[in-house]
């Protein structure tokens, strides 16, 4: 079940990334690259940090075809995708939580420290979006938007705590989804944000 | 012969990257870094993705001196380099094809899946230019310019197909050069472009 | 002693990075990420290039708490930190030299070529700042500011030369500090800069 949700999430990430790329007039190839980086960049960064080889998409290259296919489909039906705003926000929220759980699992397998388990979940959840924004020449949205990384951290902490308490993995996946998913959706609905740090005076350097 | 063309290509990439850096008023050191990232970044990304250590420039550090030397020479003779526009576009086209072939070879050595062989060739060919544009604070040219990645993919597919059909490597290098090089040159001459995906309405998130 | 200075330097880097992030209205989470990337990004890049696993912060995850703590403290006392301009420039100069020495040591351990030892020191010293500027959507300061990378290279060369001549490590740490630290401070005081390469005509591509 986690695996199915994982593929649904990758597809959804690829499609929303393709819309972002379309707003910057990229060509079809650029759209595919942005989709791959967004959907797979988080897991790739995590694997590089943890020395966890082979990378997921190197071992299972068909996922690249899935992502590029979803991106090209988005070009064909952009108007429809654009109207389905809420379904996509929900899929994106699902993706964030699923990516976080998958990332925690990988770190647990490598025997990492609890802090690193949480960080690995968060890196998997958010780095794709950061890379997308850097390639599109924006300040990453995740640094000044709604709760996003926070949802990932909360999800990871709950999931990992449950596992260390000896609760079954399947149960904890459901609990993590049951907390992280509504938290993200509510933060979008009510525009919950982290407090901002606004600092104006120039320090000189 | 491939090795000689490889060094020629690295030198040419370093020199055109140095001109880019000069347009952004970087200092000599910045010019050298941009040159190194552009000339060696594609191969480095490929090696990180494939867990192929040691990195090329760590094993053969003299290539760093070659790249920095070429970059500093470009500063000295910028006016001349600028006038040699066509020779450099030709060298750049040669570089794209040579980098692609080298990248495919590395992936084949590691026993990668055919899709990954093509991707490794493309990463080697185009990531250097993407990193250059990110460091110069541009949206990467490769996402909305002439055929570039496409040339790399076509070259990689032909090269790899030939090898799997049992044709000799030397022949396939020549064939790949004979297809990829003119394809890139023609796409510059006639401004062939991939279709663009232009999408205006904001999706909200 | 080097270890103590290393932690002081990481803390100082985290705090100045937090101020940078504050100037871009990032939220608390964004501030922590920018602080981590700036303080730990150089060492991470070096370790990825040298295949030196586990990464420092994966092995010692408490350093992440130190960096985030320093960043959040900076938010609380931003006005004070801003007034302490000179102490922070001095700590930043110390950090550059200490990071360089640590980077050289790691490369020496892995048995790298002398050129790579110097490059590893430089990567450790400057990549954090480059990543910070890319995430904040700037052209990296290190490419067109005061002597920075140059200080790192000079420090690394002196340190490594001394070690190959058989001088004791402790002595060479002191010598490297005694040369690199004042060099950086003087270059800030007198605005020493590398010559710039300004090139205006567009090359066409």
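As written, the chains take the letters A, B and C, and residue 1 is the first residue of each chain.
Assume contacts are C-beta pairs under 8 Å (C-beta built on N, C-alpha and C of every residue); 3 or more make two chains touch, one makes a residue touch a chain.
Just so you know, these numbers come straight off a predicted model, no measurement behind them.
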Chain contact topology under the given definition, line, ring, star, complete or other? complete
Angular offset of subunit A relative to subunit C [C-alpha, multiple of 5 degrees]: 120
For subunit A versus subunit B, which are copies of one sequence, does the interface use mostly the same residue numbers on each side, meaning over half shared, or is it different? different
How big is the gap, in whole Å, between where the Cα atoms of subunit A centre and where those of subunit B centre? 29
Mind pulling the residue numbers of subunit C that touch at least two other chains? 48, 134, 137
Applying the document's contact rule, which stretches of subunit B touch subunit C when the two form their complex? 16, 18-19, 21-31, 33-34, 44, 48, 53-55, 58, 61-62, 64-65, 75, 78, 82, 85, 88-89, 92, 134-137, 188
Per the touch rule above, subunit B residues touching subunit A in the complex are 48-51, 112-113, 115-116, 119, 130, 134, 137-140, 142-145, 149-150, 193-205
